[in-house]
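Labels A, B, C and D are assigned to the chains in the order they are written; within every chain, residues are numbered from 1.
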């Protein structure tokens, strides 16, 4: 058996062992699960040094010597302080000093919290702006054909005259206005569903709230629908791996 | 700072020393000793100070980003050797210089904490083996796979990173037993199991949809309907046949508006005018929730969790 | 037959049916007629009209676990670029594995082209692999600021030469001064790295995306805002590309024949002149139809069962 | 990237949101019993644990696979409440983590709960465990555990990704009562399809306020609601002005230069012939758009700094050096 075939064979075997859980929990699955957890833990220990600590900590603390085009980089000794702080996490098992484990945790969370304040507007500002949509149509005629206005070198050809494109761009058509209205209505209705501290009384507000929940469900349905394709593609690919790649190679060997 | 100007090493300063130089070793070891002194010093901290100490660390870490946000970002110097305009400009330069360093801290600290996770895993399984609890045999399997992956993984990395200046091992025909084993364990088994477990979701989607998509209430009906429209639009064959039908209708009736009823158009409209805003509304809420939580953690107002 | 039983079919029965259907589906011939999504048509037209003297940047952010969709994307993209002799530079962000799987795809297409007697792509001459940039945000920002600095330290093997040379000394990148000198940047992704790329680079370089079905819905706003000039989403997107690679757009092989794919905004765009067109996605796409039909049938079945049971219950009470 | 990109408006709005939260926290400290609407998923917690007790099977909790951030902390806060109830019923618990830092916090918090309930002896440190930080290894491990222990109640709250449905369906197969919630909107539909109670979006953040009724949390929740109302008002205001403005004709337009990051207003008279002519306002010509995307003129970006007289050009980079020294002085 050559190396590639052996590799494929192991892949197929472990795939089938994991699939056996679909029938019910059994020893074969349990075996694969523990191999999986063991390999994953081992690999994590490799990655944590190789890709994180060595690159982001050790090399920055100790510097790097010149290599080809890359010049030598000095080491920043301050990085060393992170080691004792990291070790404080290990006091968790001590009865007396376990509070110290909160120091590295606090630092991680503090950095995270600061960033939330920093990025909040950058994330949501443009979305708020984008949700403000005009709803009064500027023209009642309908768009007769799809347009594109990407031009320039290597760009897409435009079949319409530039004046016409400019006109289409600056007009708001009735159908777009209607869509915009539905858009804004959906944002506001769905958003009002998440008001927790107001007692929404009255028929209208209650209906509006329910409407918001329906809109959420439509959104979730759409997500479900588009994710299905991705998930089925995975299982189809797995089957292709077993039947076409492995058996294909086995038979043509 | 240096990350942006990768070729030019930064000038010597108080904070750095030449790579692997004796002075650097002295500084590093000195810093670690200082840190350990702090560590043992803290074990004597009186109870009433414990909470303020943790809060101070949290507050200072958060403060960095808050100040980074509030101090105007300096413009990039047009040419090297420019002096900052004023203290605000200087602070701005300092903050943007320090950012790449601070950005690493959380990841490095989390990496140091990984040992705790592995320790938890080991305790559970070694205890199982010692006490011969149910399935202790599988715990041995786990430990063996872990040791194999760890050993071959590191050996493989060391060979490729330090013992292979010519890059021969980039080519799999030059591999030794160690490289093959590492590849077999990672690429042959671990990655394949990832893909297998991932693909199980397809089966679960089938059974979940079968159970949940029932015409029971308005909610479950709209959920089902929008999912079905999306799925139909993804089936190229169905979309094609549907499109052909609509085309025939448009030619027959001369009404171009019917073009909008093509299944892909309907699906896209649903996505842009209903899915997108609904999700945006959720995101606004979640964003505010995270912001509020961030403030509470940063200022030490959050009880129960970390700073209590 | 007791129809109400249809609402409580054992889940394992469904699993077996899915397993069998997806296995058998792979062996059925499938060239399903298709009307590609507008975004995919834009992407194909864009690719077929790229100037030949400028390189394309490919950011490849997927690993084996989403192979079913994203591998088809990269394969289609490479086949188009190779048939048009457009040079490209490829790199990965975030995951170290991503670079390796992308290289495997290039190697495999080269082998396939060699067998067919077509020109193969040589590393360092026709394409460059830059390696992995662990931090996607940083990589995008640096490329925006100064691509010469961002990629300056990277080196590549040159086919037929010993040793490695800096990437900007190669034929691929020699004339590249800024990211705008690339004719196109394509992000192939299974995660949110496209958001990062769009935010940092879409105003500097023409950008397109190929993504898994999960990511695809989030691309639509970018496409509508013009930040993405085209995209292919999921298996459907991959099949769209393969379909157009075989049939072109507004193109008919014999005059007078109705073209298979039409789009009003383009002129005639030919199919890919050489190499394979239908491949992985065509193999999977028919099976996807079977699987989705199965799911829809299961839903219908459950509802029929429920209605029958309800009716019965009502009848009993009366 | 802050001031110059977003302008003062972004900063003001963010500070306003922060102020809303802080004001209400202080307001809530004084008063009692602020209103919070009913959240169905959270009322189910006690029933679920009660059922687990009757059946003598464990309660399983998973805080998602995200790193240590507010989502994980919030999940653990909710789990602390769950554990409190479980401890009173003496129902065994399992808490599975996919991140070592989250594991550290969970270990600490859960032990604390048992201590406060005066049941330190019942606390088993292995009931909080780290399973794997690799997504699907974690999924395999946790579903194995659900199937073997036949968990009677499961709580999946936190940042879940593709593995969400693996957990939910596995738990459904053993007949567990499930309460789930993810801040990842892409996973919520799968929880809705497979679980008994689902917390949608923000309900997750409201949960700890709802369960504990602590003034700080409740106040913060009220503050968030103020923020939400403010956003709704902003959207509605923009919606009206935008609609009105798009009807107007303009003879000047904004031209952006993405390379320099600057923009300027160009009138028809100055414009080159085919650039543009008098036309209706586009979105980018409206007042709202300008507030959100303030104009940066070239003059504003043209700052002249003085040269450092001691600067030595070749090997070093002066601006960097100064920055670092400022650091020494400032720190």
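We adopt the following convention: contacts are C-beta pairs under 8 Å (C-beta built on N, C-alpha and C of every residue); 3 or more make two chains touch, one makes a residue touch a chain.
None of the values given here were measured: they were computed from a predicted structure.
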### Query
Of the chains present, which has its C-alpha mean closest to the combined C-alpha mean?
A
### Message
When contacts are scored as defined above, which chain pair ends up with more C-beta pairs, A-C or A-D?
### Response
A-D
### Task
Would you mind pulling out the distance in Å between where the CA atoms of subunit A average out and where those of subunit C do?
17
### Task
Could you please state the distance in Å, as a whole number, between where the Cα atoms of subunit A are centred and where those of subunit D are centred?
14
### Message
Between subunit B and subunit C, what distance separates the C-alpha centroids? Give it in angstrom.
### Response
23
### Message
Between subunit C and subunit D, what distance separates the C-alpha centroids? Give it in angstrom.
### Response
31
### Task
Going through subunit C residue by residue, note those that touch at least 2 other chains and give them in order.
11, 15, 18-19, 38, 65-67, 152-153, 164, 213-214, 217, 221, 234, 236, 288, 291-292, 295
### subunit D, residues touching no fewer than two other chains
1-2, 11, 14, 17-18, 68, 70, 73, 101, 104-105, 107, 125, 131-134, 136-137, 140, 162, 185-186, 188-190, 192-193, 200-202, 206, 221, 224, 228, 231
### Query
What are the residues of subunit A that contact at least two other chains?
18, 21-22, 30, 32-33, 36-37, 39-41, 43-44, 69-70, 89, 92, 102, 104-105, 108-109, 112-113, 116-118, 120, 128, 131, 184, 187-188, 191, 194, 216-217, 219-224, 226-229, 231-232, 234-235, 237-238
### Task
Using the touch definition up top, name the residues of subunit D that touch subunit B in the complex.
1-4, 11, 14, 17-18, 21-22, 25, 67-68, 70-71, 73-74, 76-77, 80, 97, 99-101, 103-105, 107, 109, 112, 125-126, 128-137, 139-140, 162, 165-166, 168-169, 172, 183, 185, 188-190, 192-194, 200-202, 204-206, 208, 212, 214, 216-217, 220-221, 223-224, 227-228, 231, 301, 303, 305-308, 311, 313, 315-328, 330
### Task
Enumerate the contact residues on subunit C facing subunit A in the complex.
12, 15, 18-19, 22-23, 25-27, 38, 42, 45-46, 49-51, 54, 65-69, 96, 134, 152-153, 155, 164, 166, 183-184, 206, 212-214, 216-217, 221, 226, 229, 233-236, 264-267, 283-284, 287-288, 291-292, 295
### Query
Across the complex, what residues on subunit A touch subunit C?
22-23, 51, 55, 68-70, 130, 145-148, 150, 153-159, 222-223, 226-240, 242-244
#### Entry: Interfacial residue positions of subunit A with respect to subunit D in the complex
18, 21, 24-25, 29-30, 32-33, 36-37, 39-41, 43-44, 89, 92-93, 98, 101-102, 104-105, 108-109, 112-113, 116-118, 120-122, 125-126, 128-129, 131-136, 138, 162, 166-167, 169-172, 184, 187-188, 191-192, 194-200, 216-217, 219-221, 223-224, 227
### Task
Using the touch definition up top, name the residues of subunit C that touch subunit B in the complex.
7, 9, 11, 14-15, 18-19, 32-35, 37-38, 63-67, 97, 138, 142, 145-146, 149-150, 152-153, 157, 164, 213, 217, 220-221, 224, 234, 236, 239-240, 243, 285, 288-289, 291-296, 298-299, 301-303, 306
